[in-house]
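The following pair of complexes shares a single chain, chain A, combined with chain B in the former and chain C in the latter.
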Partner chain A sequence: MLSDRLPTEGIRKKFNITKKSSGQKVVALAGNPNTGKSTIFNALTGLRQHTGNWPGKTVIQTRGTFSYGGSSYILVDLPGTYSLLASSADEQAARDFLCFAQPDATVAVADATCLERNLNLVLQVMEITSRVVVCVNLIDEARRKKISIDLEELSAQLGVPVVATAARSGLGIAELKERIHQVAFGKLTTNPRRLVYDPEIEEAVSCLEHSLKALIPPGVNSRWLSLRILEGDRTVLDAMREYSSKISYGREPAVETGHCPAGSRA
Partner chain B sequence: MQEMPLSKLPLKKRGVVTSLSAEGMARRRLLDLGLVPGTAVEAVRRSPAGDPTAFSIRGAIIALRKEDADKITVSLH
Partner chain C sequence: MKQDTALPDRVLDPAGDGIIRDRVVRTIYSHAEYIAARTVKPADTRRVDWDGKIDDILTSRWLGFPVMMALLGAVIWLTVAGANVPSELIASALFRVQDWLAGLFVRAGLPSWAEGFFVHGVYRTLAWVVSVMLPPMAIFFPLFTLLEDLGYLPRVAFNLDNFFKRAGAHGKQSLTMSMGFGCNAAGVIACRIIESPRERIIAILTNVFVPCNGRFPTLITLSSVFMGGMAATAYGVAAAAAAVAGMVLAGLWVTLVTSRVLSKTLLRGMPSSFTLELPPYRKPQVGRILVRSIMDRTVFVLGRAVTVAAPAGGIVWLLANIRVGEMSVIGLLAGTLEPFGRALGLDGHILTAFILGLPANEIVLPILIMSYLSTGSMASLDSLEALRVLLVEDHGWTWITALCTMLFSLLHFPCATTLLTIRQETKSLKWTLTAALIPLAAACLVCFTVAQAARALGLC
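This part shows the complex of A and B:
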């Protein structure tokens, strides 16, 4: 069916996410490898976990549930990656979920002992979704290494809430749940730092974005998709075909380019 | 100041990335691993066969194949 756009719930089902009740919120967990992401996952969900595969990939998907403040949450553990832009199966699974399943909140886990290295992924996550909570994990280990982190300044610079945790001892987990709750229910509005590119790129993005909006499900980040298309990332086109019923193989929808300046037409 | 490909950086020596000649997805990957110009890199150890080599990059130890390390230029101070 080309005429209907899949609503977000339909797309989420493709990622094996089915809500038990309509009020249940979907939360994604992103982070670099070796940041204690799984420890955070376990600390949040306890033993209420299920494993499966990401659709079409031999990449393990772990899901769990937890309750907080009278609401229920489905937590989805994304594969640990350094990036969302290269094209390994892991990165595609993480990226497609953030972009198309549109989680109500995303926790970006960062390693406090090498924060700089981890902020690359945090910024990439923030480029796809604004509903982000940054979790600076292994804070106990950082203190041991005499590393101190100005959490308030970090939060101000990133424009999203930042929580310090030591998941092994449970430190900060209660605050993390509270922040997830606030972001997922829109009680806390984030203002994520956005990257602005060169004027030529920005012009091409806004032109492409305009055409793209009609083809993608509502709420999907058209700016981010436009940037990937301009970058020549073909895997993102495959993902668009998969998750948008308006695009299919062998049928190129007519894209109206009349509003684009002549120089920027492909 | 001496420039050389990262693959030629002697063990236990530190260099600073000056440029990358890799393109496309390979370039993207190296940048994502933290190899942006200005980054200090130390060659930590080499595998018995001489390839790959482990480098300390922004707080993580990352092994790179010679063919990838060839595409990164570092300066020794």
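This part shows the complex of A and C:
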């Protein structure tokens, strides 16, 4: 009853996500292109899939459902992107969903054969949401190439659970489901690695964040939004208008700087 | 105090110098580097990096292009060589059914127009579409999906990137063109991967220059008859395949020229850059390729062709058999278009077939044949030889007629499905019309030039 009135449900509806029951969890699937993301998606959902468009964008949205441990999950396949910083339609769709629809868990898929490149996106995902499971896919290919990955250390460094998978053969999918379950139901608390920027940026972010909090729905990551505003990303302001009822349409959100100590600068 | 008011301006300035983003990105990358250094033990560097070595060849300055041409040639050669025999087998089987059906109609005492409409109109067109389209598609699609699965397509994009950039278009356009081989409507939808609206429109407007599945069989059939001497010998098959490959290259060339003209006139602007990742080569999953290419592509495209061909066959039969005075409706149409057709190296019937074939390119050749048959003497057509006799001996085709028909097929306006898709994707009537008119103009221009040059040189 109560959960239906949470504002997040309203925002999720704007992303074409409607729960069948209040207990159903929403899981996002993020990752670089060519990491076998859709193979993971297929392995998790089987044939229970629907395709549509991301609202207002000519980007394909694929959704599916799966059950695990007696609960049901809606899995949303985000567009494959290399970052969440620039502003192509794909990247906007992915980051708006992560930021405003607040999925109960997010699977960040990384290619084991070029992990470093993929970690950039994983870190950006973790910066928006803490409920992350990292899926190191194509582990069989990495092993064949004699690349070895210390999964325990990776999990310790990132502060979130890490699962190695070879989605083509189904390896690791059961464990991935278990981890999604644990994170989505809060049975496993993550402690994501925090990216700390230059003192100047940090100072500007903290004062922006202060005035931003009143303007955004509860739970939405104000630190991440502040960083994007600081970078001068206008598309993020559009997204705030779209998904926050507290900002009326057509008005620039007023970002006050009264809280900032004199002398601070970007 | 001055600094306090300075902050919001700076903060909300999208034209800012990007210093903050640079710093943010640098921090993220340094974290990724730090973590990777502690968790990844890279492969033994003495091991041979096969992917890198293969890429050095496939994307090299000198070998990249020849290898690409060789692969294209090989795929088309296999398609032409393999499609011939099954095509004739299917055709003779289906036309035997036609005779049986006609007998059934007669025995049931149905009027002769019913037999004409259903058997000679609907059924014969269906039989043609299936026998001409199915074998090449069943060979081409699995081969194409194999290249896709191996990871070759991004290499094609890499090789062609420079050409597209110089034409003022987006490098990803080569990927949307690849999709166009299956179906131009699918290619137009694939243009969504291009973010810049300007370059996306260019890619949409030029996608039709890739011969889709509806036109591939037309190109293959005509090259087999005219360039390959019925593709009866190995040399003939090679010549026919070379002609089809030449058509694909001509399409690519027209795409580049049109893109360049568009980006200098209607869609002025600079090409945007993008990151193209060359994914590792992967072992193809043969079973999945077969299922995917046969089920998703072959059956889908054939199903669409059949649904359009059945009613279109009936309608064209009516047009060919309803008489106004001495002439059939189709004959009248063809007569009116005759001078235009001649100027383009075609004739009135061919032009009529292209216009009536607007719903789907698959039915252009069946319409043409039916329209010829309504004025000619032959009753059925079940082999390439019969087609040759109909075209050359009854209707005076030369190889220039065939070449112009192939060029017109390659370049003319997109089919109705593609136009509707363009309307949906651009949400603009103006661009939809442009998408029909540019190819039409290109087709007329090229065919006119070829026909007049051939005449001037006394080649026909």
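Here are some notes:
Here, the second predicted complex is superposed on the first by the 247 of 266 C-alpha atoms of A that agree within 3 Å, B and C clash if a C-alpha of one lies under 4 Å from a C-alpha of the other, contacts with A are read in each partner's own complex, and residues count from 1 in each chain.
One rule holds in what follows: a contact is a pair of C-beta atoms (placed from the backbone, for glycine too) under 8 Å apart; a residue touches a chain by one contact, two chains touch by 3 or more.
From a predicted model like this one, the values you see are computed outputs, not experimental measurements.
After overlaying the two complexes on the shared chain, residue contacts for A:N120 are found with chain B and with chain C alike. Using the contact criterion defined above for the overlaid structures, shared-chain residue A:A214 touches neither chain B nor chain C, since it reaches no partner.
Of the two partner chains, chain C is the only one that A:L158 touches; chain B does not reach it. Judged by the touch definition given at the top, the superposed model places A:Y82 against both chain B and chain C.
More residues of chain A are in touch with C than with the other of chain B and chain C. On chain A, the patch touched by chain B and the patch touched by chain C overlap at residues 34, 82, 85, 113, 116-117, 120, 232. Touching chain A in their complex are the following residues of chain C: 1, 3-4, 6-8, 10-16, 18, 20-21, 23-25, 27-29, 31-36, 38-44, 47, 192, 195, 275, 277, 279-280, 282, 285, 425. Listing the residues of chain B that touch chain A in their complex gives 24-25, 28-29, 32-34, 57-60. Across the complex, chain A meets chain B through its residues 34, 82-83, 85-87, 111, 113-114, 116-117, 120, 232. On the chain A side of its complex with chain C, the touching residues are 32-34, 58-60, 82, 85, 88-90, 113, 115-117, 119-120, 122-124, 141, 145-151, 153-154, 157-158, 168, 193, 195-198, 201, 204, 208, 227, 229-234, 237, 252, 255, 257, 260, 262-266.
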